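Here chain A shows up in two complexes: once beside chain B, once beside chain C.
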Partner chain A sequence: MQEELPGGYAGKILRVDLSQNRTWTEAWTAEMCRTCIGGVGLGIKILWDEVPAEVSWDHEDNRLVLATGPLAGLPAWGTGGLTVVTRGALTNGATNTQANGFFGANLKYSGYDAIVLQGRAPEWVYLYIHDDTVELRDASALLGKDTWETQETLEQMLDLTGHQLSVYTSGLAGENQVRFAAIHGDYGHVASKNGCGAVMGNKRLKAVAIVRGSKALRAADPRGLWMAAQEIAEDLQYDPSTRSLYEYGTLPGVSGLSRLGALPIKNYTTNVVPEGVDMSQWTAQGLREGFDHRGHQCNSCGMHHCHAQVLPSGPHQGAIVDEPEYEGWSGAGWAFGCTDPVATSWLNTQVDRACVDVNEFGWLMGWVVECQEKGYVTKEQLGGLTITWGDAEAANALLQMIIRREGFGDVLAEGVKRASETVGGPAAECAIYAMTGNTPRGHDHRARWEEMLDTCTGSGGTLDSGPPVLPTEMGQPARINPFDPDAVARMVGGTRGRRQFEDSLGTCIFTTRTLLSILCRTLSAATGWDFTKDEALLFGRRTAALMRAFNIRCGITPDLERPSKRYGSVPVDGPAQGQDIGAHWEHLLDVWYDMVGYDRQTGKPLPATLEDLGLSHILADLWDAREATHAGT
Partner chain B sequence: MPAPDAPRNVATVNAGELEIEVVAWITKFVGGDGSTRKVFHLPLRTDDTVRKALRRLSGRFPQLHKALWDPMTGDLAEHVEVLINDAVLDLTHNLDSPIEPSDKIALIGQYLGG
Partner chain C sequence: MKVLRITPQRCTGCMRCEIACSYEQSGVFQPAKSVIRISPFEAHTSYAPYTCTQCDEAWCMVACPVNAITISPVGAKIILNDLCVGCKLCTIACPYGTMFYDPDTAKATKCNLCGGAPACATACPTQAIEYVEAESADWLGSFAAERAETQLAQQA
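Let's turn to the complex of A and B:
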């Protein structure tokens, strides 16, 4: 007799072997649902079980997990979530990265909670899913197309429009295995971290196209779910901490971070807004109302966050683009000195269409401009191109070279760490990256020490903890001195686990900015469990520790947990002038390691930590018996 | 006036006005539209501190009061960043540091990532 599953689950994991042109399904067990939940919790279990050390990111046996979670497709805000988990191209370690849109809902309505891809197709294919019809189809008509063109072409081929079809693709960057290629879908939603799109391209998978399915999805307690979802929605609309997010998404970031010295300007060479820049254009309202715009919401979402906009002026006047997130304004703008909102908005969509991570792109452009200005990279190397601070058209020309791996674009396609190491000399000292290969998010972390520590120690290709959300609920102070190394490390270590829990639910992290206890109530209503805050944090920390264990097995060791020279440099001006994180780096690591229960020398989760987290079964994979006896003593 | 290198946590007598700048989104909590800025000039009182000045301003605007303070502890909540002379709180001043007419306070919305 088939075991009854918790509510919220479609009940099956779709397996696809691209080498063998074979698809099959696997059923969940109720126990697996509770221990893995979904998203990154499920994905990292698959990586740990199925991707051994010798299977590098570009090996055909690498797994690409496209997962939803138990809340995806249910009537709560932002429940179209996609989590991508794989062994990624930038770190050659674990990847945990999210996008939204409609993927998660459409997949669940077809009867699947996740897709696990393995192998490499002999010829380019796309994966078509509609209920029980699952096919690998010829993708030759899609080759060479960018992300938007791929979606438009599939809509025409399949005679579907709007939200009937969700398409995720890695664009031209994925086809050419650009190391920071992303996976993009539904016109503006990007899972961008750690070169997950390069993995997709390596598998010769051009796209995943999911028709909105027709299968029922059941919540265990529909009334309880509705009430919890309503509580979250009211929190988002009326709580002072989230009201700006509800109305404007991440747009307030530029003006706020510029006052804190945390807006990255011109490759970290300054933190002072250039004279003549009208910052009123860069407030949330300036960025929203400066363009004709309309809402472009994700599945079942009432936030006024995602928008499409029309360029009001300039060489591309009239073009419809995706309203950039804060990180788009930063990576396609300020990071390389572009302070024109219209040019930045246009370039941000070119980055999305090309399908690369906008953070890595920003650090790369800033590095190229500075290197050319200082004579470290010549015009000849750039194929006759001159790029100066803020030149969006030249940046796009370089972007097109990168995604085709043309000329110097082939060097830049490896990402800023490897490109700067290839050029060498003083150019190597100007590049912004974490030594693990993790791409820093789009801020100046020299004024946000929490995020620099989190980026350098993170196991998922980006931040592991992220900016703290309601930290007092986790026993942490409401605020800390951002330059107090002890407080910083305690906050990063002490808030660990919440992010991994959120990333397993199948929702958007912007619609989970509420109390953890409310999220647990929502999950419980969906599934029928009695899920508590303590269980959520235990789950999150277990997931983070398993990612860490996977990376240790991949050879990513603690000696890499530090910033590059420029990334860890001292700001020369602005509000954080003179703050030197490098002077405190070892202490930050000491405190952080102590907080999370990992071994400071080897980076491994300590045996006692593994036991506390319910991971005793992997102890022998990480520690030999003699080491285990003495570790942590 | 204290000597230049005197500890800032020693209360002093102040006179004059204090400037508090409310930036962008936070202006919504003080009757603004969420864009640009609003600047308030508060008369300084004897033994004024950062906390007392902020309390006086938030006492005039209930929405700001709700956003600024944690109702359980009475301390600052995490939703609003406080700058004193362009430096984040705790660098040169804490909540109980005395303030002078030359000091400028700015209130900025907490960054909500992505």
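Let's turn to the complex of A and C:
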């Protein structure tokens, strides 16, 4: 008899071997639910167990895990979550990247908590899921289509509308294995990091189409679950720290960060808003009300976050686009000098439709413009194209070359690190990236040291800890001096683990910006566990350490944990002028390593750390016996 | 009487009402069993909920050959499961398409206003569904008239 599973779970993991055109399911065990939870916790276990060192990102034995979690499909806010875990194309190491929309809900109502893909299809296919019907179907009608077209075509082919069908695809960028290709779904939700879309393309999987299934999800304590969901909703609406996120999503970022010198402007060449830019257009209200808009929220979400909007003017007037996130305003705008909200909004949706990571795209465009301006990259190299600061049309022309790998687009399709190394000379010195290949998010991290440290040490394709949420709950100060290296490293190290817990629940990063204790109560009501804050952090740190161990096994070592020359440079103007993170870099690492319990020389989690986290079983994989006795002493 | 007042322009298509409805009706989270449904309009940019308006004419009641539909104390047309023979006549008779058939029970199923505390209205984060006093339950007419004006601009 099958053992009874905790509430919240659909109960099965869907396995797909694309090479063999074979699908099967695996049951969870109750113990596995509790130790892996879902999302990145489940994904990294699968990577560790099934993707050895010699299986690189583009090897057919690489795994692409599309996971939800125990809260997906339940009535807490934002429960359509998707976590993508794979060995990614930019770092050739672990990936942990999220999207929302309806994927998680539709999949669980069809009876599955996660999809694990392996192999490579002989011909392009898409994966169709509706309850017990799981099929790899011919995708030739979808080839060459962008993300929105792919979804529209599948809606027509399957005769389904709205959220009855959730479609995730990697667009044309995925088809051509652009190294920073993303996975996009449901008109505007993107799991963007570490080239997860390139992995999908490498497997010749054009799309995953999930019908909103007909199965039931149960909660161990449904009344408790409704109450916890209500508590989260009220906290998000009324707490001063989350109120603007509730009202405006990430829109306040542009004006807020510009005042701290943390808005990246023109490839980090300045931190001063150019003269003549009307910043009143760039406030949260300006960006929301500057467009005709309508809410377009994810499964069960009450945040005033995602919206569809209409371009009010310009060459694409009347086009329906997805309201950009802060990351879009920055990557498809400020990073390469575009300060026109309408042009940026348009370009941002082109990026989503093309299906690349908007952060990497921004750094790439900023680099190209600067290189052309300085003569490091010529007009001839760009196929006759001239791109100047802020030219969104030219940026789109380059984007289209990138996703088709045409001309110089083939070089750019490798991402800014490799492109700048290929061009070499002085061009190599003005590109923004972390040496591991992790893509920095869309800020100027020279004024946000926590994120630069986090990005350079992160194991999942970008940062690991993220901006601290309620750090006092984790024994950290509420606020620190952002340029105090000790405080910065302690904050990043001391908040490690919370993000990995959030990323395992099947929820959204924004709707989990509440007390950990409330999240634990929600999880417990769903599952029937007595989950505590301590268990949540232990789980998160274990997951983070396993990701780190996986990367060590992939050959990603601590000598790579530093910013590129431009990324780690000193701001020449603006509020953070003269702040030099490079002067403190080794010290930041020393303190961070000490906080997280990893070995400063080899980067490995120390034997004692592994034991504390319940990872003794991997000790022998990481350390030989003699080393282990000396490590950390 | 109190009715479900629906303001489609507020609906974001989050489907939370469907989750709540299915829970209230069946004790599990299973939107396929929800008797309020969300439909998309204008590609993916607009959504609107629809459910039984508890309309005065009540074609379902008229059509039912075994008198399995009656009116509850809160004014909802409800199905008496013991009497329903699952003939589906009511689903054809309802002009709004808000009478459903549940293949698992082989009976008709519809909104019963949750006995006077509609779960969808409580769950909706945008007040697109409210449970309010009204003279008539028939709000669909005005909705249709206003609809044309409230569409999000169409792609040029």
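Operating definition for what follows: the second predicted complex is superposed on the first by the 633 of 633 C-alpha atoms of A that agree within 3 Å, B and C clash if a C-alpha of one lies under 4 Å from a C-alpha of the other, contacts with A are read in each partner's own complex, and residues count from 1 in each chain.
One rule holds in what follows: a residue touches a chain if its C-beta (ideal position, glycine included) is under 8 Å from a C-beta of that chain, and two chains touch if they have at least 3 such contacts.
Note that the coordinates shown come from a computational prediction; the quantities given were computed from them, not determined experimentally.
When the shared chain is aligned, chain B comes close enough to touch A:Asn481, but chain C does not. In the superposed model, A:Asp292 lies in contact with chain C only, and not with chain B.
In the superposition on chain A, A:Ala105 contacts chain C only, with no contact to chain B. By the touch criterion defined above, A:Glu325 lies against chain B but remains apart from chain C after alignment on the C-alpha atoms of chain A. Contact with chain C, but none with chain B, is seen for A:Ala216 once the two complexes are overlaid on the shared chain.
In the superposition on chain A, A:Thr133 contacts neither chain B nor chain C.
Once the two complexes are overlaid on the shared chain, A:Leu74 sits against chain C while remaining clear of chain B. Contacts of A:Ala233 after superposition: chain C is touched, whereas chain B is not reached.
The residues of chain B lying in touch with chain A in their complex are 23-25, 28-29, 33-36, 63, 66-67, 70, 73, 75-79, 81, 83, 86-91, 106, 108-114.
Interface residues of chain C facing chain A in the complex, by the touch rule stated above, are 9-16, 19-20, 22-23, 26-33, 38-40, 43-47, 123, 125-126, 152-156. Those residues of chain A whose C-beta lies close enough to touch chain C in the complex are 73-75, 77, 102, 105, 109, 152, 161-163, 186-187, 212-219, 222, 233, 292, 294-302, 308, 310, 316-320.
Residue ranges on chain A touching chain B, taken from their complex, read 240-245, 247-250, 252-253, 255-257, 259-260, 262, 280, 283-286, 325-327, 441, 443, 466-468, 470-472, 478-484, 509-510, 513, 575.
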